[in-house]
Each structure stands twice: as structure tokens, then as C-alpha cells.
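Chains here go by letter, A, B, C, D, E and F, matching the order in which they are written, and residues are numbered from 1 within each.
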Amino acid sequence: MERLLITGAAGGLGSMLRERMRGRARVVRLADIAPIPDPQPGEEIVQCDLADAAAVDAMVEGCDAILHMGGISTEQPWEPILQANIIGLFNLYEAARAHGQPRILFASSNHAIGFHPVTERLDADSPIRPDSLYGVSKCFGEALARMYFDKFGQETLILRIGSCFPEPKDYRMLSTWLSADDMVALIERMFEVPVLGCPIVYGASDNEAGWWDNSKTAWLGWRPRDSSEKWRARIIERDGPPRPDDPVHRYQGGMFCFEPVRRVKE
Amino acid sequence: MERLLITGAAGGLGSMLRERMRGRARVVRLADIAPIPDPQPGEEIVQCDLADAAAVDAMVEGCDAILHMGGISTEQPWEPILQANIIGLFNLYEAARAHGQPRILFASSNHAIGFHPVTERLDADSPIRPDSLYGVSKCFGEALARMYFDKFGQETLILRIGSCFPEPKDYRMLSTWLSADDMVALIERMFEVPVLGCPIVYGASDNEAGWWDNSKTAWLGWRPRDSSEKWRARIIERDGPPRPDDPVHRYQGGMFCFEPVRRVKE
Amino acid sequence: MERLLITGAAGGLGSMLRERMRGRARVVRLADIAPIPDPQPGEEIVQCDLADAAAVDAMVEGCDAILHMGGISTEQPWEPILQANIIGLFNLYEAARAHGQPRILFASSNHAIGFHPVTERLDADSPIRPDSLYGVSKCFGEALARMYFDKFGQETLILRIGSCFPEPKDYRMLSTWLSADDMVALIERMFEVPVLGCPIVYGASDNEAGWWDNSKTAWLGWRPRDSSEKWRARIIERDGPPRPDDPVHRYQGGMFCFEPVRRVKE
Amino acid sequence: MERLLITGAAGGLGSMLRERMRGRARVVRLADIAPIPDPQPGEEIVQCDLADAAAVDAMVEGCDAILHMGGISTEQPWEPILQANIIGLFNLYEAARAHGQPRILFASSNHAIGFHPVTERLDADSPIRPDSLYGVSKCFGEALARMYFDKFGQETLILRIGSCFPEPKDYRMLSTWLSADDMVALIERMFEVPVLGCPIVYGASDNEAGWWDNSKTAWLGWRPRDSSEKWRARIIERDGPPRPDDPVHRYQGGMFCFEPVRRVKE
Amino acid sequence: MERLLITGAAGGLGSMLRERMRGRARVVRLADIAPIPDPQPGEEIVQCDLADAAAVDAMVEGCDAILHMGGISTEQPWEPILQANIIGLFNLYEAARAHGQPRILFASSNHAIGFHPVTERLDADSPIRPDSLYGVSKCFGEALARMYFDKFGQETLILRIGSCFPEPKDYRMLSTWLSADDMVALIERMFEVPVLGCPIVYGASDNEAGWWDNSKTAWLGWRPRDSSEKWRARIIERDGPPRPDDPVHRYQGGMFCFEPVRRVKE
Amino acid sequence: MERLLITGAAGGLGSMLRERMRGRARVVRLADIAPIPDPQPGEEIVQCDLADAAAVDAMVEGCDAILHMGGISTEQPWEPILQANIIGLFNLYEAARAHGQPRILFASSNHAIGFHPVTERLDADSPIRPDSLYGVSKCFGEALARMYFDKFGQETLILRIGSCFPEPKDYRMLSTWLSADDMVALIERMFEVPVLGCPIVYGASDNEAGWWDNSKTAWLGWRPRDSSEKWRARIIERDGPPRPDDPVHRYQGGMFCFEPVRRVKE
């Protein structure tokens, strides 16, 4: 790779990828609406509001691979989600179309299917069940990515990320955790395969109590190696056993299912 | 019904429904961004830009049933689609939530699945394949409707309308045609059933060469009675036999699949 | 047919079949625990408690076809259901095995799947969801019938009857109604086909708002001709429109889902 | 159509099509290994052994549509089946490839799936279960047709014909009968549709006790109108009720399942 | 756990669990119709006939978790199965309902699906195929458990146990073996998960030649660790290679499929 | 085993199996149309043209197990494929039928499904998509094997071999590679199981980027141990990263999809 773009590079996931992807492209371009600290050799820093079409175009130009972690990644009022995840995503795909259609990793989310109960096993063909405005914006993004693929051949890996943190933080994450190593391994595969298409992949490590079945995309060759299991006892000891009446355990989206819908920040 | 709201009432579909729904509610409120001609007794006229949240709120207030035909209904540049079909739809659902959650008919479209080939039979669980920005905006709407159902119990009938005209206009519409009578019959059923949920229904008459299978929603009791068949010979005679190399016959979405993507009107 | 046995012949369904099957066998043997009024030429009357194995054996002896309508057909306490529907059914199958394995129509019930929501379309492979002790006893009966088929070749048509009355009595029965004519037509087919096996068939007429799909047993050649539709307007006029908050409309089993479980009559 | 080729035109199916297709093309070319009696204006007569590659090439040249009824159509020893249905079919597809790839109706057979039991409902994705060498040769033909489609774009309608006779001859044909009218209607559709692809269609009329579900190819617009039902009573009266121990009723392929395999005629 | 009830505690499976569950609850209550030898500190001994409703009620009172291994666990005549597995199970669920609905492990059996051939892979949605009265009684139990879940929220893990012995005893058990360690691991998970529902799980270790696929309940987090594989060579050496004509190898239920049906012990 | 026949024993796969199967039968009979070098004790050498029925009969006589690797194994003109893979296979099955129906491993090929795209996961029920005359001949063979099973009980393991070489030779083989050890392990299982039937199995090792799912035949107990993964880096280093525009990466059949069809060698 000549130039790899990581959007949302000041965020949690973006920072992690910045670390991990260092040296995997001649140049790594880091973009965020927030300032990105501490530039390193081989890095380019771009401050960019995704809602600004011209800025997004400039951000994408010259890149041959995109890890799109940017945008809102929690439940938020409609206005910021609209700007970053809807308008911003359209801007990104238009910029990619203008600049040679680099392969895109689109950070979708388990919140696109969050209203499925925790006693259900899903795969890439399970119906969407967004649990929040955030989740709806990810459904929009998946639809947009698919249309750009069918119409223009733009390849995207749609990754419905569970919970990508250094370690699982609570009982729910024992099912949803995605390790940094496993995520990086997936990124390697998606840029190695000669044909990617536009598959939907669930972003979780090989957790024992997993909810998501990636067997339909086994052809990618991604086999997560990590597991949340070693944190199970510790989490239960610390937080107590999970309570049946705790709503977080009702749906796969956890508490997002119970977040209110708001138009603007109050 | 006390007060039925028809949005997009100045448009083709809206005008037809205005005719047909007359007298089925004490008051029929007709809304559009364009002027609505010739008000009748029992009608209320509302001019409303869907992108204007306050206007939409006022439009919805006091209605106990909504036929949402409003918004953009052809492929258009991103900006108008964003305003009417994305921002506008959010406004509509927020207004419905504020005003007692009247049942909604959401005019989705076959263009949400338009990139499926014409040699494929689809049902409500077939994966989305939007063929245009318009189609993507309908996928957004379907996701939003589902989220409001799962989170708030808002009931919507998602109708993926084929081609609702007085008669089929070309060879493709022999597969996609929806008669006004059949559409009205569906509307009757969706307001009669005590439980509606949030089903996806394909809006086509009982056309012989149909692409869409509604058997999963047979519990609604909607059985289209009309068929495009009687126009077949006439269309072929007029237009000549359909040509294999005509791209309109490649995908279910017809020429929408080949429309360019534009940001603004040029 | 030489001798046709109808059990439960004093009950509603049994009486109807008694009328309709007259003359279709040289002898029709009518059995019930209750007295059967008014014997006709060509009829044999047998009073029989299904829980009495010897009596059941005598009842079955000499018959070459069985319509098993007997037993409890509403939600009841455990004790009578146990006697009639569990012990009684075992007695029936043992008697059939002892006497040449006549083909059996087993009156199972929609209450074997009654906890499925009314917005779902089922077929013969849908998972059981009994809604009552009665429904559980029907699941037992289906399992028993299948075992006798796999082990001994005893053929049974498992009929999950909806609501077999002269006409639909309420809004729910617009979905579940089975006309007498359609039931008799099915009986004719099940005795005509050279190979019956042990199929599960839903017993409903061609109602527009049907919940059940019999296409997997289309090879039987049973096509119901009647429809509940002509009663729809009348029922709604009489009872008012169905109310969303009426629990009868929540699940396919209607009010059976809300019946208490009791051990004995109180 | 300019020139329509009917192979096997001296056979039963071919003769019927010769009658019915008269006048639907400027020229109808009739081919068979046997003499074809009584040439009519607008007909060309070709005597052709399908195993003769050069003859087949000449037979196909100049045709823009092919109804391939030729070859062996009953169970026979290996040698004639090899010559006509395997070598002959390869010759036909090579000739079609050389001469503009006219659309082909390939007369496959229910004997490609004949070992499925009569209590099973099949569709186009059901696994093959050939019941004879004849059935195996049809599986070969279906595979060959598919390969020519995927590799060269040659379109074929694979028609698994049940029993195409003026009327059903026995109880089994109540399930398998295909009327001439229905077959001709299908032929009309397959040449009208702008995109045909390479679908598998079961060739049976709208028989009540049908085994085969064509809903996956509903997009073709073929709806059979005829039914075997009106012959049911007559057949049962004439032949007696079908006997459970008659092997013809065990599998869909009827007695083909019990035909011996022979290398050559004895 | 405060008090764990193990029924059938004098039987093979019950004794094993008695050993293994020691110390996992403050009190372990052991129940059986047979005397339970050698009480230990922390154990309560209850002699109980499952057919005795009052006794079952007393047995269940005060328990917050139930491992229901009690009842008949081999093919037996109807009478004892009726008493223990049908009447007894109803008694158990009524007692659980009366006493706070403790979570239940219901020892169902592979004999509920025993008539599936050994060349078929099953999962939780495969149709039941009971192979014996014992198997039918387990189908009854599964239906009862499901009804108590849908109606009252009673959670049960339905475990279709293969063969739970210290080691596989014969060739068939290479497919069906469930190790004690794996069973205990499953019990741990079923009491840990905050939401259990009423899932069907196949009880087998990670045997190489397994017949059952638990992927639909992967969300439980149960991953069996043991395998029968290390006994394969030994069993074949001892018993000789498995013989194709041995009926034990025809169906998954092994010899249960060939056990006679009897009313009472002869 | 008394006498094991390996056909195609002079070819690559045959030679490998000759090595590996040595000593697993009292006699190993090696057959090929080409001379087989260097006979060993315990080996019988047979030169045999598969198209010669009498020779094939003699080759099979006295064998109680057959590994049929013989015939054409690459894309070739029609004539040699017809002789070896079609006529030859019929000869083989007729000989097996005449001589006690020894179990057969039929070397089918991934080229029977080669036109499926590389972004699809297949299993035994996926539709055939032959990519060549060779692939069509394998579909013929699979159909023939199935017919001999349904009609005569002849058991065959249909193995759709990927690429069985000492090591993967190129990027595509990272998905299709089958190690010799894994193949031999499968052969052991297919002769050990008491009931084999006629399953379709994909012949690939446990490669990370696998296309084929054998879970439906998990009951066989075959678990491949090897993986192509350790060659990945080496192959990419040697050949460069796989190019998106290289047609070999479009379909699972690789370059076979682009081979011309020829009648005879030119």
C-alpha cells in the first residue's frame, strides 16, 4: 500500500489502528475532526469534518485504502449523527468514487442488529434490527456501500463491530469483544484477497458465548484467535453475576435499546 | 378513522389516494410541499416542507392514520433526497411519536431491492440491493421505521411499491404494476387488523410475471385482484418485443440501476 | 370402505362428520363417551371411554378407517386431558396396531402451535408452541402418531384443526375457520391416496387472512374451496372492529394462551 | 421468429408441438431420426441422427429458436441413451454455439428427480435423484446446458416434463400431467422474455395433487391453466382405487425406478 | 445457589451429578424413588415418587435450581413411563410454578429424534422423530416445558442427552457420548447466563463423528472439550468393525428403534 | 480389506494413494491405462482402458473396495472425456454391480461447482455449476452414482476434490488444497462407517480461506488436520499479491472457467 487513510484517527478505535497499522503503508494518513496528537514519521495528519464535502474529497485523494472509523460511534442526538454518519458517509463514498475507488473498511456496528434477543444466533443474512439512531445510521451506511458496489464496483468490507477495546469491560462484552489483534488480522485479509465484493462481517473475536456466525464469509480466511473467556471469572467476581432483570441482557444491543431518541443535545 | 393524513397529496400516488380515500375518515388532511388544488368538503389542506420539523409536527398532530406518500419518488441528486426522504422521514416519525403513534403506511420502493436480477424471486427477507440514492433513502426509511417499532411500538406497513399507475406503461411494469384498487384494499386491511407490527410488503398486483412473493405476510389478508396481463399484448405491439440487450431488463429496478449519482442538480 | 369409525361422534365435529360421512362406508361406527342420539341405518353405536383400553380395543376392531375426533377439545384441567387425550390416544394406537392398522385422521389442533404471534406465517416444519395443557396433549399425540408410523408403518394424517364450525364466530376465526365441505374433501383425499405417510396438515379453509401454509403437503391434492371472507363485514359490524389491546389478537391460539393451568376442576 | 427447429418431431411430443407451433415462425424446421410424415407449407423436413455431429450442425444452422424434444424419452439400454441423449446433446449445444446461440427448450424430465418419494414437494433447488439411465442422461443434459450458459451465455429453459399427453392415462399422471396448451403457453413465454437465463422449470399443469413448485420461476409469467382433476373419477372408476402396495406409487418417477439397467438391448 | 435439587439422584446420571455438583450450592437436595445411599454433609435426601403430586411439591419447595434427571430413562412399558415421565413431569412443573420457578435442566433424550438416519446432521429445529414410548414421553416433556415458558416464563434447558457414561461403551456412542465434565460445564453456563429462555441443546461432547449441531445455541457459551475419539480404536478392536447389517447403525436412536411397544411389563 | 482397487494408479493422485494405502489391504490392485512402474509385493498391476467394458469388469472382479481416481482429470476435448469419464464410469458401476457392490470413492471435482464465485460459501446442497466439459462429466458421474445407490444400494462417497498435491502451488490453492494425510484419513472413515450412503463431500484440508462447508456430513467423522496457511506468505512473496483483474480469482473453478470447449484435440 502506498497511502492508507484512517479516519476517526483521534478516537479509540482509530488510535489503536494508528498504532497497529504503522509501517503497513508507505504513508498513513490520519484524519479526524479532533486534533490528532503527536505525528510520527510516515504519518500525514488531516483535520476534517466529514460533513464538509470538499474537505472529505481532499482527505481521500491519493489514498489507496481506507479504514473508515470516523463519525459518531455512540448513541447521540439526530443532528450530529446526520452530519457525521449520513452526510459524512455520502461524502466519503463520493470522494472514493472520484479518486480511484480504494477499498474501504466501513465500521458498521452491532447496533444495526441490536434489537435481536441475546438468545439468538445471527449471520450476515439476518434482518436488520437497529436499536438507536446510531444503529439506523449504520443501516444507511450499509445500504449506501452496497449501492456503490452494485453500481460502481466500489468494494467495501462492512464490519459490524462488537466491542473493540483492550479487554472486555463487562459481562455483555464477553459476547461482543473484538481484540485489536483479530481486527488487524481481518484488515490484512481484506486487503490481500483479490476479490472482496461487499461482504457483511461481524467484528467479534472467537468468544465462547458468541452471538454471530461469520461462516458465510469464511472464504475471506479470517479466523479470530482471541477469546474473551479469560476475563469471565474476573468480571463476574467484580460485578457480581449478571442479573436476569437487568435490561442490558435482553437484546444484543445492550443499553442502546433503551436510549431515548433526541433531535438535539438538551 | 377520525383524521387521515395523506402526505405527498399533490403527487401522482397522493392524488389517486385522495380520490379513493374520500369519505373513509371524518377528515382527510392533505399535505404537500406543492399547492394542492381544489379542496373538497371533508378535506384539510396543509402545505408542508418535510424538512421543516415544526411544520411536520403540526401536520401530524391530530391524525390517527398516516399514508406517507410524500418526499422524492424518483432518482434525484443527494441534496433533495437528503432533505425530503431522510431528514423529512425522521421528522415524520418524531411527529408521530409526539402525537399518539398513528399507524403509518410508509411508501418504500422496489428500488430498495432494485439490483436483484429479473430472474430472481424475492420475499420480505431478501437482502436489500438499493439501485440509486433514492433506493438508499428507502432503506434508511425502512430501518428507521423498524427502530421506532422495536423501541416505541410504532406500527408501520413498509410498502415496497412497484409501479402504481392507472395502467402499466411498459414491459417492465407488467411485472411491477400495482392497481389503485389493490392498493386501496391493502390500506383497508392495514387499518383493520388489530395487530400490524412492522411488516415489509411488496406493492404489486397479481401480475402473472411477478417478482415478489408476499406469502410471509399472508396473515394480513391482502389478496390483490388485478393483473397487468390484459395490457401485455398491447404493450408488445406498441413497443415491439422487449430486447435482450436493453439494460432496463437486467435488474428489477430497471433504469434506476443506471442513473448516475449526483450531489446537486446540474 | 367397509367400516369407518368416528370417535367423539356426539361432539360438534363428530356430529358434523356423522352427517357428512353417511353412506361413504358400508357401516359407520359412531363412538363417544356420551350417548349418541338417534341411530340410523348403516350406523353402529358404541359408548366408549377412551381411557378404557379394552373398550377402545373393541371399538376399533373391525374398522378399516378411523376419524379420531374423540377426547377433550378445549382447555381443561390436567386430569381429564390426561385420561382422554394421553392415555386415550395410546389406547387408540395400540388398538389400531392390534387390528390391521387402519388409516387414522388424528384431530390435532392449532393449539399445538398457539403461541406463535398472529403476524407469523407457519408451515408443517414450524416449531411447536403449545398454548395450553390441551395443546401439549396434541403435541404428545403428534409425537405418538409419528412413532407408530416410523416403527410400525401406521399411517396418520395429523390435522391441526383451526375452527370447524358452520360459520366463523368471531374475528379470529376469519383466519382459522375450516368449513365442513373442506374438511370432508380432505378426508376423501386422505383415504384415496395410495401412500399417506404421516403428514402434518393445517385444517383451515382458503381464508384470505390465513396463518398457515400447506404447500408442503400439496401432493395430497387437497385444495380448500371455502373462505371466511364473506362473514368479515358482518362480524366487524356486529362486534365492532377488533381492538389492538384485546389479548385474543396477540397469538394464534387466541384466548387459550391466557387460560390458567389447573390440575383438577375447581 | 424466422426459423424454429423442433427436434424429435416424429415423436409424440414433437408431433403435438408441430401442430401447435404451426404459423408461429416463418419456417418450422422439423427434425427426427425417423421419417416425418406429410410435410406442410412452411415446414422444412430434416432427417437427422443426433449422434452425427455434422448432421446436427446442419440441422441447427439458420434456426433462431430450438425446441429440443429429440433423443430417447423412455428407459432404454445404455447404448442408445449414450448416442442420442449424451453424445447427441453435446452435438446440439456445439451446433447452437456455432450458429448464434438460439434459445433452447431442453426437454429434461421428472425422471431426473424420480427417486423422491411421492409425499415430498420439490422445487428447482431440490437435489437430483435420477431413477434410470434415462434420468441420468437428463442430469447430464442439465449440467451441460448450465455450463454453456455460464461459459457462453447460451440460454436454455430446462423443462422437467411430467407427462405430456392429450389426457392423463393413469392415477400417477393426475400428479404429473402437462397439457399441450400449458406447454405451448410456456414456450411463448420463454421466447418473449428478454432475459431467460437457464432456469429449471417443472412441466406440469395446475394439477391439484401436484408434486412440483415452480414459484422460484414465477418471474417467467407462466401460469398453467389446465388441471388433471376432471379425469380423476374416471381413472379411479376404470382402474380401481390406487393400491398402496403398487410400487408405481412409491416414488415420483413411478415404474422407472424399478426398470433394470442394461447395456444393450437383449 | 442456595439449594440445588437433583432428581433421579440414585441413578447413573444422578449419581455422577451428585459427585460433581457437590459444593456448588449451599445445600444439594437429592431425590429419587429408590433409596439414596450414604448422605454427605450439605446433602438433603428426599425419597419421592414423581407420580405423587404432593411429594413432588414438597421435593421442589425451597429449591432455586433443578437438575431433573428423574423418571424412566430406558424404553419401558407404557405404564411406568406414563407415571414417571408424563404425570411425573407435570407434577414437577406445577411444583416449580408454585415455588418461584427455579431454572430447570430437563433431561430430554436423543430418543426424541431417534428415527433420523445416522447419515443426517440435525439441529434444534429438526423435526422430532421419537423412537420409542420413552422418546414420545420426552417429546411430551419438551412440549410441556415450552408451554410453561411461553405462558409463565419458566426457564428450562431442554437437553437431548446422547450417552452420558464415564466412557463410550460401543461404536454408536462414539457419536453420542457426553462426558461428565462437558455436562457439568453446560450446567454451569445454564445457571450463569442472565437470560436462558427455553433452548433445545444436544448433549454430546465434541465427538468427531457427531450427529448434532448446537450452533444455534452458541450464545450459551458451552463448548464441549472432550471427545470420544480416543476410544475408537479400542472399541473396534474389542467388538470388531461395525457391521452394515447391524440394525443399531441404521438410526440415531440405535436399538430403541426396534424395541417393541408394550403396555405393561410381561 | 481383502483387495483394494486403485484406478488411475499411474497418475498423480493414484501414485500418492498407492504409497499411502500400501498395507491397508491384503492386496492392492493398481490399474491405469498407462504403464504402472515398479510393482511391489502385495500389489497387482492391471492395465485397463476404462472405455473397455470387459476390461473394466475384469479389473473390478474380486475387489471389495474401490478408489476410483482413473479417467481424465483436467479439461480436455469431448472425445477423451466421453470415453474415460462417461463411458468409463458407466463401465465401472456396471462392473461393481456385477461383483458384489464394493464401496466406491468417486473422485469428483470442484469443477462440478466451479462457476460459483469465490465470495460464496458452498455446501453439499449448493446447485451444480460445472465449469468445463470435465466438470460436466463429473456431474454425470455424481448422478450415475446416486442412481446406483437409490436403485441398487451401491454406496459411493462422492468426493469433490479441490487440489490434492504435496503442497499448494498458487494463491487459489490456498483455498482448495487437500493434503494427502487428510485424504487418507477420509478414506479410512469411509470404509469404517457401517452405513455410508451416497454423500457428497468436498475434498479440502482445513484451509483458513476455505470455500466449502462439510458440516452436513460431519457424521462421517472426518476432520481434516492440515492447512494451507503455512504456505501463504511464501506464495505471495514468490508470485506477488494476487491481482484483482486476474480471471483465475473470479470463480471457484479458476482457469477452467475460461478453457475453450473442443470436440477433439487440435
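Going forward, a residue touches a chain if its C-beta (ideal position, glycine included) is under 8 Å from a C-beta of that chain, and two chains touch if they have at least 3 such contacts.
If you're wondering where the values come from, they're calculated on a predicted model, not measured in any experiment.
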Practice problem: Work out which chains are contact partners of both chain A and chain B. | Solution: none
Quiz prompt | Winner on C-beta contact pairs when A-E is weighed against D-F | solution = D-F
Quiz item: What angle, rounded to the nearest 5°, describes the rotation that places the Cα atoms of chain B on chain C?
Solution: 120
Practice problem: Kindly point out which of B-C, C-D or C-E repeats the A-B interface, defined as over half of the contact pairs being the same residue numbers. | Solution: C-E
Quiz item: Roughly how many whole angstrom separate the Cα centroids of chain B and chain F?
Solution: 53
Exercise. Compute the distance, rounded to whole Å, between the mean C-alpha positions of chain E and chain F.
Key: 42
Quiz item: So that we know how the chains sit together, what is the shape of their touch graph: line, ring, star, complete or other?
Solution: other
Quiz item: All pairs of touching chains?
Solution: A-B, A-E, A-F, B-C, B-D, C-D, C-E, D-F, E-F
Quiz item: Where on chain E is chain A touching in the complex?
Solution: 189, 192-197, 199, 215-223
Quiz item: Which of the residues in chain E end up touching chain C in this complex?
Solution: 53, 78, 82, 86-87, 90, 94, 97, 112, 115, 125, 127-133, 135-136, 139-140, 143-144, 146-147, 150-151, 257, 261, 263
Quiz item: Which of the residues in chain E end up touching chain F in this complex?
Solution: 117-121, 171, 174-175, 207-211, 213, 236, 241-244, 246, 249-250
